[in-house]
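Please read the structure below before turning to the comments.
Chain lettering (A, B, C, D and E) follows the sequence in which the chains are written, and residue indices restart at 1 in each chain.
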């Protein structure tokens, strides 16, 4: 689905143009074409390939999807795959944005992603001096916006970890902790696959030999790299804490086991001792003087209760109860 | 076993040629010879060595098999070992394809692998312009086809992991989970040994100093490298989740232990208390007034049942039962 | 909040100058301006941006905060983010110092940090020859002071670990050990995020191509790098020991479980045996000669006590009690 | 002990020469001297040092032994330490071969190793064209032979792992599994110390700047490197599986614990219930009508048996028995 | 404390000189001054700084101590920090040797270390040709001596591990094993911090651009690097085995738990069954024919003993007892 297809000149919008005219506008010396697609049909991609003269392999990647994030040079143009992450019903939905960047065009293809990039275009059209930086700057703005949307996701994961910690240390709910830790791990892996390859790719745009279309934007891509490195650091930290949490939870489970066994032992003793006394006074020896005492029975009961009280307080003291 | 032995000129098939004529065709300036062997006899390999003038060490590797994946230069020719993976009865069968690539020939030797590469040859013969790219392109097409066949294997491993997760969290079958996790681990190791060395090898064909026969196909090998990196990432992710799964399963086992102990304790109490009461009323004191009451016996039974009901509901409340 | 705003010439203080005059003093050939802000308003930062001509992205980073430690070049000036760490109520409070360094100015912006850097300025003003080294030396002095403040934090963490070890091996308090280990882990992660990126950044100032403002101070930054590497080593060591501590604690928990089970078993036997004897002498057979013995009852009691004493000493011997 | 001391010319053996003549033969332009020692006395090494003019530090290393595998240049000669591994009584015996390689000599010193290298010499003497490659080729042949002898050791370790797996999943012998896993780990560490440094060392002979005596044999050393990398990969794989095996075995131990507890609980219930019934019918209430029934006793027994059968089948159903 | 202060010329000792004359001797063209301090006062260090013209930062490091091992260039001189390790009462005492090396002097400062380096000086004075190599050789001799003293420490740690293994597999002393493993881990960490940074530092003296004072001693420092790498390998191996040992010990603890539970269950059954029989024959039914048999009582006792013997041998058979 075509979202926008606009030609600009000297940073100002000339016109919404039909798809068929793209290749003509690209020939004009000062024109700059910025096209946005959303979940396109294969036919739409083929059309774009024709109009922009995109490389076979790049279009193939965009068509098939499920690529890992990357930024590749094809001659004097770039092809980037960047993943979007949107939380939905406690899960992370990963979308994919393919960006084709040429000297005088940017084509973004958004897949499985709800949030668009209209705000970038709106700001760029309000501030024409930004668009004058050319396609490299638009490319930066797209990637920067996607990366900025990772931060709330990371914050969400940190909140999840805090809830798990509270479950371990305060609420003692080991079964749901286990599930929550495993769920957190899955999300961390998802984010890792989204962030790490992109970090590697943007790092190459901020230093050393930089592709021509990104010349002059190194500092901007260094900034993105920096943000990604911060996210990467947070993910590593979360991962480390999650590993510790799983061990700590196991420790808690085993501690609970010990405590249950202690309780079992204490109550078993409290029941078994009077049972023994009752057994003794159930013996059938002829010559048991207690049997004839009028206070034999209450004495036996008192003995049972007395021993049990002693046991009870002793077990409280050693914290088995 | 000889599968195919064909000479091409300007991208078009000239003829199926007998093995003995290979060396002659290789001398023709524009000819290109493409030979495919399957599980060959040592003698066949020796013959090929003669006809193509292959390097001693490369032929030795092909003869012995069980090499790790690699791509090596011998003068102006290449020798590649690539592994095939085919799932069979829940196991992964690893085969080996040895590819000898020279300026005007490609020799592929397939071992322990069911699926062949006829589709590549068929497509190449349908579209002669592809074959014109020369032996580098045929080499790429072979490796690409093998790598594409890894994806369904990875999907299968991901499905296995999901079944293990379901076993851990929903079906509570720790014993079979353990076996399944161990089996998954074994397959992950198999895939790792197949993928990682190849990733390293193809990476060297997509940048820096590239062997002569691969000149002009860098972008294609970058694409393969990319696919391998995606597979590598998935394997790393699976491995990480498998490690977590094993710990989570252990946690579940220990939780079950605690719950069994709690049940044991609860039922022990429910049986022990009436046993104690019965013991008390089995004592032989002369002066036990209850013995003479006509409702003494029903009262004792009611006491047993009453205490047990209280215990039962209390244990339900604290979730020991 | 403006803390200091001073112009220097040839290492000597000329005057406290108003913020508006900074840009004028910067134009003077020999002047050096050193400004310190604390938790500034956005407007203050904008003002500084104007006066010093700071780079957009650097100011943006300083405004938003929560950056990871880094040292970046913008033309002939540097922008550094360094974290401060201050223990407070058993937690680590992480603050942030942003330092802008130009050929003839240093601007430090301190956020969420209690301790200031007055001592550095005081010393620099007492010893004018130090200030003559220029902005690179002031930059070094600031970073060095912050890094030196990490050492007592590390010492504190080492003390925490020793307390945990004592808890594991001498006081046997597994529940509080688990919490303490987890808390230690959290602090280690905090320190890691503070130290590791800074180590990477200062390493680049001590060798290879050094930014112009740091020329001549390589040996000083090598010294900082060295201190950071020592801290890094200590953190890695603490982390390794913490991982071992968690496993050791788990082992202790399981050992305790075994010991509780042994005690349970021993006491169960000590109670069950006399109960059995009492049961036997509670049987109703007509022909039980013991019943008629006058010492039958004491004999039975003696038997119970005797068997229990034997059991008790035997369990002591095998260390189940 | 001197094993062999032979002078060759143009690939053909001239004579077995006495040790004292080595230095003279070395002066002849086309001569090549190949000496093999076994567990030599210090004096023998000193003699060799004189005859061949070996470097102080290299001879020192050979004398002391217990070096890690390495290949070092001393001027235009090489000194290599390679470890041999020979299984003996279920243990791995590590020997050491020191190889001194000069432009026209090879001296191998074998320590604590049973298998020699006579077959290499025999083959070299049968095929004089091989010896013409010079000392580099002899060096390759020695290292290659040693490395090839690692493969059966690795196969043995893989068999050990399979036996452990069978012990875990089929024979349920956790105690002997633990020992076997630990033993396997020890052997893996031994092999790792043998293989990894050698891999690093041979890698440097197969590319980049190659020592003069190895010129022309790069492809051969690449082949060795390849074999070592395969062994290295297998060791890493074994190590990973061993780590998983230890966790899996722990899981099995804990599962067994749970199952023992379940059995304990089930049988405890099956014994306790009839004990309770017997207790109830042992009460001394006057008014217990069952006592007077002629079928009271058989009814009580039947009740006990009946309840126990119900319990038994129920426990079978929930798989506690 | 001044240990030695000697001036040499052409490898021969001229005189023990007073500290104040050092700077004068340094000016003589062929003189070489070798000074050794032990646990010096700050004033002594200041004096040395003056006499030798040492760098501020290096002296500062030496004064404060607790540096990590390193070798740093300051102009044409070197500053090295090397740690000594001495076992004492089962602990490892880490000392520190600071070595200042200039073109014609060596100053060693030993802290917290019992063993000195008199043997090096003695040997050097006996064999003047060694001293002619200059300060680089003395530096090598000092570091080599320190590193050689690490080997017995490593041997000690290996012995500790063997004792732990014996404790795990033969003596079954899990509590003391845990302590011993933790103690071993602490020592491994200590050694790691001593060895790893030094390995990194000496590696830079054995290849690439070598500081001037070490020219000509590359092969010697390569030898040290080699020894350190061997120690490093041993430490890594010990660490790996220690990690496995901790898991193995945990497995053993859990196995013991299972065995205790089995024993508990078996003895519980052996006591409970006769208790049940006694309970049955304690019932008060009128019509229990056994009561009137003259052999009823012995029969009941025989029944108890018989069932218990069966149980006992059955439990032996299934190895629960």
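Throughout what follows, a contact is a pair of C-beta atoms (placed from the backbone, for glycine too) under 8 Å apart; a residue touches a chain by one contact, two chains touch by 3 or more.
This one's a predicted model, so the numbers in the text were calculated from it and none came from an experiment.
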Report same or different for the chain D and chain E interface, where same means the shared residue numbers exceed half of all residue numbers found there. different
For chain C placed onto chain D, the superposition rotation in degrees, Cα atoms, nearest 5: 145
When centres are defined as mean Cα positions, the distance from chain A to chain C in whole Å is 25
Separation of chain A from chain E, taking each centre as the mean of its C-alpha atoms, in whole Å: 41
Hey, what residues on chain D touch two or more of the other chains? 247, 250, 254, 257, 261, 264, 268, 272, 275, 279, 282-284, 288
Arrangement of touching chains [line / ring / star / complete / other]: ring
Applying the stated contact rule, could you write out the chains in ring order, opening with chain C and then chain E? C, E, D, B, A
How about chain C: which of its residues touch chain A in the complex? 55, 57, 61, 66-68, 70, 72, 74, 174-175, 178-179, 181-182, 185-186, 189, 192-193, 197, 246-247, 249-250, 253-254, 256-257, 260-261, 263-264, 267-268, 271-272, 274-275, 278-279, 281-284, 288, 290-297, 300-301, 304
Considering the complex alone, what residue numbers of chain B touch chain A? 165, 168-169, 219-220, 222-223, 226, 229-230, 233, 237, 240-241, 244-245, 247-248, 250-252, 254-255, 257-258, 261-262, 264-265, 268-269, 272-273, 275-276, 279-280, 282-288
